[in-house]
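If you scroll down you'll find the structure; I have some questions about it.
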Amino acid sequence: MTTRHPLAVGLLGTGRMGSFHAETLAHRLPGVRLAALADPVPGAARRLGDRLGCSKATTDVGEVLDDPDIDAVVIVTPARTHAGLVEAAARAGKAVYCEKPMAVTLAEADRAIAAAGKAGVPLQVGFNRRYDTGFRAAHDKIAAGDIGTPQLLRSLTRDPKLADPARVPPWTIFLETLIHDFDTLRFLNPGAEAVEIFAMADALVRPDFKEQGLLDTALVTVRFDNGAIATAEASFQAVYGYDVRGEVFGSAGMLTMGDIRSTHLTAYGPGGATAECVTYDQDLFHDAYVAELADFADRVRTGRPPAVTGEDARAALSIALAAIESITTGAPVRTGDLERL
Amino acid sequence: MTTRHPLAVGLLGTGRMGSFHAETLAHRLPGVRLAALADPVPGAARRLGDRLGCSKATTDVGEVLDDPDIDAVVIVTPARTHAGLVEAAARAGKAVYCEKPMAVTLAEADRAIAAAGKAGVPLQVGFNRRYDTGFRAAHDKIAAGDIGTPQLLRSLTRDPKLADPARVPPWTIFLETLIHDFDTLRFLNPGAEAVEIFAMADALVRPDFKEQGLLDTALVTVRFDNGAIATAEASFQAVYGYDVRGEVFGSAGMLTMGDIRSTHLTAYGPGGATAECVTYDQDLFHDAYVAELADFADRVRTGRPPAVTGEDARAALSIALAAIESITTGAPVRTGDLERL
Amino acid sequence: MTTRHPLAVGLLGTGRMGSFHAETLAHRLPGVRLAALADPVPGAARRLGDRLGCSKATTDVGEVLDDPDIDAVVIVTPARTHAGLVEAAARAGKAVYCEKPMAVTLAEADRAIAAAGKAGVPLQVGFNRRYDTGFRAAHDKIAAGDIGTPQLLRSLTRDPKLADPARVPPWTIFLETLIHDFDTLRFLNPGAEAVEIFAMADALVRPDFKEQGLLDTALVTVRFDNGAIATAEASFQAVYGYDVRGEVFGSAGMLTMGDIRSTHLTAYGPGGATAECVTYDQDLFHDAYVAELADFADRVRTGRPPAVTGEDARAALSIALAAIESITTGAPVRTGDLERL
Amino acid sequence: MTTRHPLAVGLLGTGRMGSFHAETLAHRLPGVRLAALADPVPGAARRLGDRLGCSKATTDVGEVLDDPDIDAVVIVTPARTHAGLVEAAARAGKAVYCEKPMAVTLAEADRAIAAAGKAGVPLQVGFNRRYDTGFRAAHDKIAAGDIGTPQLLRSLTRDPKLADPARVPPWTIFLETLIHDFDTLRFLNPGAEAVEIFAMADALVRPDFKEQGLLDTALVTVRFDNGAIATAEASFQAVYGYDVRGEVFGSAGMLTMGDIRSTHLTAYGPGGATAECVTYDQDLFHDAYVAELADFADRVRTGRPPAVTGEDARAALSIALAAIESITTGAPVRTGDLERL
């Protein structure tokens, strides 16, 4: 593909996360230009475009994909539309950055990967922990052998608040929340792949929505092919904040990651010593969100391959689907069996 | 039973932990007298008695149990002898303090509980986390409703070093190490009982001993009847120290427990900020070990019932046996099924 | 003054800190345009301009001040040139942002303040702690009365490395390093002013430079007119990193600020638990550096008065000069006496 | 002197601290026997003796000093009586443990030291920080050169609550509170001595008692003969707990000491992450209080010299008196001048 300077990026989906990425593309990345916005909600792209000084705003995704002046697209639409848009964007010859999850079935994932491969365009997936300084430093130490062979791992994601349970699709906790943790476990256990998965989940935050299939609390155990045993844990409602942490215990040491304090201020009073906590993902991962787009843009411009691939997205999805199968059957699931389903 | 002042206590088993408890009985507890020591190893009880000023020392446990001047016995012998000694001591009319695990089969546990019940003697079990100030404060807050209903729990035990794998009986990681965590999970989820258990385990520290049945790394998932989902995790070798931690996430808050720093000193140098870690259980739980015996003695003297009962020991054992069954079958196990085995 | 959209800013001084501010003006601030660069070192402004896409680059400050298209100037030249440039820029009708210290004598400070007042231009001074989230949150809590009346305060600055002692002017530790801490103490003790100062200082890092007047270690005690007693402390060489911390003890509580860990990663090994430290001011205060220029630009555009004023700069300078006088005389100095010198 | 086994110890002064030490002597120290109690308050010694099983209890200190069966005395009476009792006990041939401050004038201190020297009895002083594991580990690292040469030091003591200001003698904050910090600074700067002292103090907790000479807040700056500059800081009222911390910054690193959390439990809720604080000195220094008496007893029995000497007490007193002189004169004081007063 050819790339110009600055890189012209079209963004698809102008919701909460899409707006943040759009601001990043508009203001925070030297060498990048926010060139177009698309959102099917009438007026949404236009309003954001006005605020960010982006004149091309449309309700039609096709207009962005067909625009020859656009080098790359960033996909921040609802999860179930991701894979199709990746395919379409790849066919249109755009470099593709897709928010997680890239796909919600293995077949979809395979088609998206194949489309990017056939078109020869880079495809990067938005697993933000990989761009957080703490998680990244942990990965680097593990890859360098600093803690020996990983034996026990933990990754957890607890969102601050379940807004409207009626709007949460079934299996969201696995496909959209824990997908981060499944990727994190792979990132922190470099080169290893999951072989066996067992999951427990329940509707503990909103038991009244369990019949509609909403699971809001989940714990997934994963065995990797290097022997390591891991847990991924999620809750849709942590009253104290937005809680993302990790731990890797190895034969030669341990690493812990995650700090939910919002500042380095500690207040001491009759009730003890108190530090306030982060309650918003765009605070906790602000720098990571910027870094992942910066890295994507840089790799597109310099022709280096993407750092987080479609194959990474597929591997995390595979664990998520195995977890869902485990919930359905009440038994542990081997990833090999899943492929044969 | 009648008790005198000071309480005369006989100790059975003078190994590493027995010696510590003997010192506590001899020196650290007002109102308690170390009255006898028994250990089948020739000379072991005698040497410890000489050091602690306890003149009655024997290789024959029966001599202690038959001594009418002894009010209570503290059992610190190898795990597989515990239940039988509890029975014998109860029949001899002694108040009984038994180190964990109280038993290694449910039938044994039932007999020990029945014997104490029939004799009308108090029976307390040595789950030391319950006497650690942090874990205890957590329990109290949870019982008071401070964090709402527990939803996700974690307890872990990592020993600093696997000394001689050849001397570790099969299933030790469940019956002797994780038994602490199973009790801790029950302690931190007051009133709830385990209903479903799934376990993964492996020989990652010493793969060469896996054929002899040694498992040195384990992760157990437990579902409780109040919906809470928990993990218990253990490793026989943490190179950085003796690591015991807990976490309870509830509908109204979270509690974390465990601090492996050995002092409040932090050293800053070119490599960063470093705090040294505890590498020895008798340092980490020094005060808890003393407190549990002090509480036992106090309850015996004042006629209050024991704080950690034979039933508690049985419930933790039940989880351990379910975990073993899960490892054997590769499937989740319901505690109800276990009772029917 | 009139301001356009975007705000056109000229930057004076393209050293290490100037380059950072220039990047911020060029890339990180929506609504701001880096319009000109000046530095007397031949080629310096040009090279930076080429990198940042700023075509106006000169060795002559006058060219920037005389340019009617420039709305504001940011002064990042050597300390001893600051006050004169503030005067000149104010006379030229530019909004002025001046790095600390704004002046090195009270007379200079008075002239700079008067020039800005006469020209009716905003004058803001670069005390970055005021834009750090932790220090700012502390200030807000104190101003809200959360810890009652401040009684004991501490602010410290320890630089990671003394590069070339031969290039450090006399009294730098007071005029350029501790000036931050003097301002921080005022910021954290809102409404109070210093009344008595006593200082001890020495050349402990480089004793061989003491004869040239270099002091590299200093401790200053300050009594405020609300009774609070404070210390400001500095060293030119902390081998473990860039260490900036604060503490305010009040009648109703205490606040501590400052965290020199570079990430939230902690590594556990046989030597203990280690967190790496920040070794670079532009890491520790990255966000604060950006926030202070963003706030300046926003205030200029919206016509709100600057948040950190020339009077603030003068008050901190007054404490610094009293500390120097205290070192010279070996006695405590009252700020009132200083004004009469 | 001759010592028996167990060491027979008489305790003088049965107030709050005296009662704690008496319990330690009665129950916590193998090889030590609480042999006598004296307190001028009618019934006080008797009541404590009944509780601790010590039959010899008297209102007459002389009865204890004259008892040939007593090996050692522990002096826990009001500060102003210490030096006289040390002298008397030494003349009676007893090993002496004296709570801080050993004396409140240099002349008194000299007489006490001389008396012990003439009698050939050990004299140990109760500076408890020296027996706290964190402060001791810091000392050991510093003495081993781990942080190079100390350059900046800090020690602080904040009591949780000023009970009855009317009962606090003048200069108490220097002679009884900060005396700990002066000793700590010497302990953490091994081999160095104070040469110049400057103090600021005020009545900020209870301004209404300032006219009676009560100072409740103080900051003392100390220059040592190795160039190090130190602060000692105290307040009589910290609403959040009992706060004792230290910091030593050296040419090759930094050490921080002090942790006021009461357990390792952290509670997370909507208000943030909270750890409760210690509010009682006998909690914070429980183990140190026991360790200092254990070490004293052990040294007496084995004939090793005491670890904290009369000379140490005199040196800390010298700094306290210089601080008082500095408050009185408003000027810095050199310790050499003080000796000539």
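Read from first to last, the chains carry the letters A, B, C and D; within each, the first residue is number 1.
Going forward, contacts are C-beta pairs under 8 Å (C-beta built on N, C-alpha and C of every residue); 3 or more make two chains touch, one makes a residue touch a chain.
Every value quoted in this text rests on a predicted model; they were computed, and no experiment measured them.
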| item | value |
| --- | --- |
| Contact-graph separation of chain A and chain D, given in steps at minimum | 1 |
| Farthest chain relative to chain C (centres taken as mean CA coordinates) | B |
| Selected interface, C-D versus B-C, where C-beta contact pairs are more numerous | C-D |
| Centre-of-Cα separation between chain D and chain C, whole angstrom | 42 |
| Chain centre separation in whole Å, for chain C relative to chain B (CA means) | 57 |
| Touching two or more other chains - residue numbers and ranges from chain C | 239-240, 252-254, 268-270, 276 |
| Overall pattern in which the protein chains touch one another (line/ring/star/complete/other) | complete |
| Of chain C, residues touching chain D in the complex | 149, 151-152, 158, 196, 198, 200-202, 204-205, 217-219, 221, 223, 227-229, 231, 233, 235, 237-240, 243, 249, 251-254, 330-332 |
| Residue ranges of chain A in contact with chain C within the complex | 26-30, 133-135, 137-138, 141, 146-147, 252-259, 262-270, 276 |
| Contact footprint of chain C on chain B as seen in their complex | 239-241, 260-261, 268-277 |
